[in-house]
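Sharing a structure here in structure tokens format.
Per-chain residue numbering starts at 1, and chain names A, B, C and D are given in the order in which the chains are listed.
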Amino acid sequence: MNITTLITQLTEVILAVIAAPLLMGWVNQCRSWLQNRRGAGMLQPYRQIRKLFHKDAVIAAHASPLFRLVPYVQFASMCLAAAIIPSLWTGLPFAVAADTIALVGLFATARVFLALAAMDIGTAFGSMGARREMLVGFLAEPALLMVFFTASLISHSTSLPTIVETLAHGRLAIYPSLAFAGVAFLMVLLAENARIPVDNPATHLELTMIHEATVLEYSARHLALIEWSVALKLFNYTCIGLALFLPWGLAAGTHSPGDLLLAIPITGLKLLVAGFGLALIESLNAKLRIFRAPEFLATAFLLAVLGLLVHLLLGS
Amino acid sequence: MTTPAFSSQLINLCAALLLLLSFAMLSQRRVLTLVDLFAMQGGTLFISIIVVAWSTGQPHLYYSAALTLILKVILLPLILHRLIRRLGAQWESETLLNTPTTMLVGLLLVIFAFTLAQPISQLANTVTRGTLGIALAVVMLSFLMMITRRKAVTQVIGFLAMENGLFFAATSATYGMPMVVELGVALDVLVSMVILGIFFFHIREQFDSLDLHNMESLKED
Amino acid sequence: MADPNPLLYATLLVPVAWVAIGLLGLVRGRSVLWVGRTLFPLGALAGLALGLVALASLGAPTESLTLPLGLAQLAFHIRLDALARFFLLLIGFTSTGIGVFSAGYFRAGEGTAPGLLCLQYHVFLASMAVVVIADDAYLFLVAWETMALSSYFLVTTQHRLPEIRRAGFIYLLIAHLGAIGILLCFGVMQAGNWQFTFDAMRAAQLTPVWASTAFFLALFGFGAKAGLVPLHVWLPEAHPAAPSPVSALMSGVMLEIAVYGVLRVTFDLLHVQLWWWGLVTLGLGLFTSLFGAVFAAVQTDMKRLLAYSSIENIGILFLGVGLSIIFHAFHMSLLAALALAATLYHCLNHALSKSLLFLSTGSVLHATRERSLGKLGGLIHRMPWVAWLALVGTLAIAGLPPLNGFVSEWLLLQAFLFTPDLPHSYVNMLLPMGAAALALVAALAAYVMVKFYGVIFLGQPRERAAREAQDCGRLERIGLLWLAAGCVLLGIFPVPLLALLNNVSRGLLGASLGTQLQHWWLLTPIAPERASYSPVVFMLSTVVLVAAVVLGVRLFYHGRIRKAAPWGCGFPLLTPRMQDTAEGFGQPIRQIFEPFFRIQRALPSPFDTSPHYRVRVEDHFWYALYAPIAGLVRRISSLAGAVQQGRISVYLLYSFLTLIALLAFVL
Amino acid sequence: MELLLLLGLPLLGSLLLALIGRRAWTPEANVLMSAGTFAAGVWLTAHVIAHGPMLVWHEQFFIDPFNVFLVILTAFIGLTTSLFSRPYLRTEEHHGRLNRRQLRLYHSMFQLFMFTMLLALTTNNMGILWVAMEAATLTTVLLVSLYRTPASIEAAWKYFILCGVGLAQALFGTILLYFAAEKVLGNAGSTALLWTHLNEVKGRLEPTVLSLAFVFMLVGYGTKVGLAPLHNWLPDAHAEGPTPVSAVLSGLLLNVALYAVVRCKVLVQGSVRSDLAGNLMMGFGLLSLVLAAFLLWRQKDIKRLFAYSSIEHMGLATFAFGMGGPVANFAALLHMTVHSLTKSSLFFTVGHATQQAGTQVMDKIRGLITINPTVGWGLMLGTLAILGMPPFGVFTSEFLILITAMRDHPWATPILLLGLGVAFGAIFSRVQAMVFGETRLPRLPHPPVLVPVFAQLALVLALGLYIPPHLAAWYREAARLIG
């Protein structure tokens, strides 16, 4: 580990943090276009975050310190995740500290804290949101882990950079198991990031909201941090998906800075495409009833397990 | 010599008589007659012991005979007679099995006892080899009597008849047990009779009758 | 055998000291000052000593000793190897925290006199320590049953409540049946040489059939103690019934002792291990863990919830044991060592974090006199110490990084990732399913723990008792702090402890993770490129990041914070009673895993003026397994009762028939 | 000399107490007599330990390690029972359930009973053994019917008839034994029934006769042991007699009867040269164990409960003796010891508990531990001991029996375990309910004496953890004698 890699690492995290709201904006913009609306523009998330940072915070009278701590934890853990995920190159020095399992654990930690914060106020919505959030989580998490497992069985490693390196730079091979895993991952991504058909990020309708219910009591800077971490989360997930299923174009750990520079536009392009795809899916689907969400996620889980089995059966 | 043959015939006669008396007791429903039959059984036992003693020349058997005479023929029937009169328990009520069936079962038991005693009799070198089976039969018939009767008194008579059978086995098959043992056994029988006598009064005091169906309260329910 | 070193005697001294302390408790049994402030801290000190001695001697060679006590032919044998020392360490360190907590916890006038409690508590501790060091079947069983007995008395402290009596009864009954199983297992294992020392069993050569019999008897016996489904029914009854420090000991230590038993029998005493044992153990473990997690999610009593969570963790432990057996049977020693290390690590984790949680429920119980989740809430304001320390335990049990629970789960999942390499075509297909189920269980555990923590400590107080709660005393805080510190330390520095655990796996499996643990800060169980995890870096970077974000926000942001009533969505009368209840929180799980439960529900009609809603969630096993057995026993006994029907003639007939039958038989 | 004291003291005591029984200090005299007997027993034991087996008085008495340990046990439990009965009977008198005359009968018969027990144990003559057993029946019949209530009369009657008939069979067996022995030893009067002589020539005794004799003796003495299905008198007699009597019935009488069976078994085994005797005993033992275990579930009366538990344990001991071999015999002897100690102490506590509650119905006894902690704990610990919970000695013997069964008769192990498991559940559920819980019972007028209880339980506990080497050697020697 030398200073260059450290700087690259930092650059990657900072790039991710900065680019995340942009991705969110892009998805929303695409959605508007697909729905024949003009949309608020791709920079709208930045504006919103800025506006929130300027407001006075209102906090419920009986909120505990935990409530105020959670947005920071949330934001920090998403940054940490961004440091692990090879969005640009696979030589991340920080990735040694946490592999895919730890990554899933990290997401889980963030979710648990969010749920705890939601319960802290003690309103009906908060605890309902916490419950639903955890419900989604407990089904999505294992599915995500299974997706990772499929990939790590192929590459004999749970370390994300190693996986990506094997997939991207190894011998070209077709992995049918990854197809299953890909679909499962997509479903997990939708659920985890509160997208349609599991949740609707744009609604505040009491009966259907999941994620929004948990952050109902947040305002101002806390809400800004939460919004930002939500965007970052979407960014992270998309990057994971890209790294696992479309790994070409990422810079390998040993390559020169030139490759790294090349990787930035490639990743950007891939993100744009992925964002559009996401918007397309969201526009083509209707939101599921909340009771259907477990079924949706169970399907994801099953698909992921199926991918694992296919890998074992076919040996590929 | 005809003496052994004669004495063994005599003993066999006694044995047969004992068996007959046992059957008679099994079918008899009048309690007082039962006591008489019991006394007769005791008498037969006494005679058989005398015969054995005489034919084998074992002096201590005379003591046994005397004990039997005093206890089984005189004392116990007397006590029983008085008890029954005072308690007014002359009649046996219903037996649990009717008489013909009882007799039939008794017959089977006798056959069983004989079969059982067969191999043992082969071994015996006493003059009284065949009698063990009969003694066993008497014991079993008395057992059967105790099972089928419903009055406390008749049960006791059955019990005593069983002791008769045992005595018979002891004397005829083995020429009597050691004296100490016989004395002990006799003492026990006597004491148990006394205790039973006391008991009859207690039972009647508590239950107003000697019927055993009053005494079925201790059970698992 | 080398001369026993002083540490062996020191180890022996601790159980003796515990018993002595317990007996001293009888001297002035009613005095809280004497029992609570003097004896319990002493006991905790002894526990600390035990832990330290065990820690210091974990790498020492095996030592054994024969005591001049016991049966004529079978004196008490004692043996200290790495496995025993590890569990002594677990007992010692966990009991230290619990002991300090208890010193502040027990008060006069609660059921049994404190002195008697002190005796039972310390005898319980001592018996667990003796179980671990016992080296012959007789001493083992004596200690094992003493453990059951002393904990039974502790469970029935509040014997005036009928349900606690029932819990105690079921507990002791199943414990006894389990002990019988263990006894039989030892009987099988001595294999005809009739020596009941463990040394003789190690030397015995068993055929596979007998070895399997022994193994499954052991699994039954120890599983009954551990709460392996379907022998778990006593656990959710008994653990909540006991005073909280005792629940902590039972859940945190006693269950681990059962795992010790399985390990001892399987890897030490039996000389062969068949792969399918592992498969069965693993399957049972998986089902148990899923069962425990699902049931924990629907509980409404905080201690019952924790008890079910213990069942879940026991399932995970057995999963690890099973995996280790499978690897070992296929001669993949390194992986077997990995699975074993994960199991042992999880033992320690569970001991610390579950004790921590049980103790904090004890504090809550003292402060509010309320066990029902539906009546608590908002305690983080009134009881910050307990709440924040319990948060550590909650996160640890939920298996979240960077705390300790995650480490063992991570190791276990790593081990699972190697199962496709097994040279058995069905097993290597089947086992990754186990990983999936484990992941599901871990996620469910998080769900359960959010419910546990959120409902008790967060939100608003649902009843007055919770509103007037007081934080716990100083000694209790120290106890909680000790355990919480243990959780954090184990979470951040797993490598040194894993290196120590190598002694255990070297002793049992002949292999260890030795070279893979070169960096103190980096956990690389197999190879660095294969997988690595560095909790230190993880923790540090999280802290740094949080700090950076906080500072950054401080730097750029200047708005004020205003306190206001929570937003009620326009509903004017938002009361604390409108918070989600414990039942409500478990409802989705109840719906998804409906076949697991036996649900009785009474819904009010729409026109009811005073509507009542009642739901009872019960265990199928009770009705499908235990109730029929009880019914059968009752039926047979009523048949047997017919034998004794009071009539003397019939009795005579029995004698007569017996006689005839025997005579006929002899003839 | 020791023997004379041992046998003479209780006999003398019986006469003395019959004469002076109405005095107020009779219970103390009873204790004194029992203490003297115990001292004589200790003396005798010391003598036997020092000089080996002794054969005295024209070989009519024979003391070997097997019976001397039972002698000392009998004398000890006699002593503790007399200690217990002192306050117990005073309370009964206080409640008006007994009068002075009955107390006189009790004390006199108690001493006589002790005499018959010791006689049965020490005699070398199989005939005298029978006489002593019959005499024991007679004395205990009077003791069982002490209350003169309908139930006690009924129980005593059943006891008397069943055991009387049973013992008649035993007598027949003895006659057959004599019949067989006479062939070998000659009818030299009294020697043909001496156990030592029989034991010497057992190999030459006629097997057919001996196996028949054994059947009769097994049925006969087995009735007294309480082997199913001959056990029917046992629960009634235990439940309806005074509690001290239940204690000695369970603690002593059953042991002595089992002793008689074992003595017979030794002879038969030597003669028949097959496992017939052993197999029969194992069969009866198992049947008793299982039947009693299931019957335990139906009990409502606390003393009946423990009576069935005695049947169960006697079944276990019989089974162990049936298996034979050094370990099983050792275990069986140990089991007899610890069962006697535990069961009699249990009956002591049960006695106090029933007096406290004024009833023997278990449903009405609650919360003993609250009202009277010593009684409560005594009952609880005693129950746990009798259920074979370590570290009590019952566990030790059950452990040894089970492992021997697993080695020699694996088929029997599940049955044994079934019995033990069912019995555990039955007894424990009931005792727990009595010991724990809420109560409204009044206090006792005379404070209970629980020193014997805890002393005996402590002994049982000690035996579970540590069997002194010379005691073990002694047991082993006895086990070897039994073969």
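As a working rule, a residue touches a chain if its C-beta (ideal position, glycine included) is under 8 Å from a C-beta of that chain, and two chains touch if they have at least 3 such contacts.
Here the structure is a predicted model, which means the values were calculated and not measured.
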| item | value |
| --- | --- |
| Chain located farthest away, centre of chain B as origin (C-alpha) | A |
| Interface ranked first by C-beta contact pairs | A-C |
| Separation of mean Cα positions, chain D and chain A [Å, integer] | 78 |
| Inter-chain centre distance, chain B versus chain C - centres from mean C-alpha coordinates, in Å | 70 |
| Centroid distance [mean C-alpha coordinates] between chain D and chain C, Å | 44 |
| Chain A and chain B: spacing of chain centres that average the CA atoms, whole Å | 101 |
| For chain C, residues contacting two or more additional chains | 640-641, 643-644, 648, 652, 659, 663 |
| Residues of chain B touching at least two other chains | 116, 143, 146, 155, 215, 217-218, 220 |
| Multi-chain contact residues (two or more partners), chain A | none |
| Those chain pairs that satisfy the touch definition | A-C, B-C, B-D, C-D |
| Of chain D, residues touching chain C in the complex | 157-158, 161-162, 165-166, 169, 211-212, 214-216, 218-219, 223, 228-230, 232-233, 235, 276, 280, 291, 294-298, 327, 367, 369-370, 384, 387, 389-391, 395-396, 399, 402-403, 406-407, 413, 417, 420-422, 424-426, 428-429, 432-433, 435-438, 464-467, 469, 472-473, 475-476 |
| Residues of chain D defined as touching chain B within the complex | 60, 125, 127-128, 130-131, 134-135, 138, 141-142, 145, 148-151, 153-158, 160-161, 164-165, 168-169, 171-172, 174-176, 178-179, 182-183, 187, 189-190, 192-193, 206, 208-209, 212, 235-236, 239-240, 295, 298-299 |
| Chain C residues touching chain B - in the complex, by the definition given at the top | 640-649, 652-653, 656, 659-660, 663-664, 667 |
| Chain C-facing residues of chain A, complex | 53-62, 64, 66, 72-73, 75-77, 79-80, 83, 94, 96-99, 101-102, 105-106, 108-109, 111-112, 115-116, 119-128, 130-132, 134-135, 137-139, 141-142, 145-146, 149, 152-153, 156-159, 162, 206, 216-217, 220-221, 225, 291, 294, 301, 304-305, 308-309, 312-313 |
| Contact set on chain C toward chain D in their complex | 69-72, 138, 141-142, 144-146, 148-149, 156, 159-160, 162, 165, 168-169, 172-173, 176-177, 180, 183-184, 186-188, 190, 192, 194, 196, 633-634, 636-641, 643-644, 648, 651-652, 654-655, 658-659, 662-663, 666 |
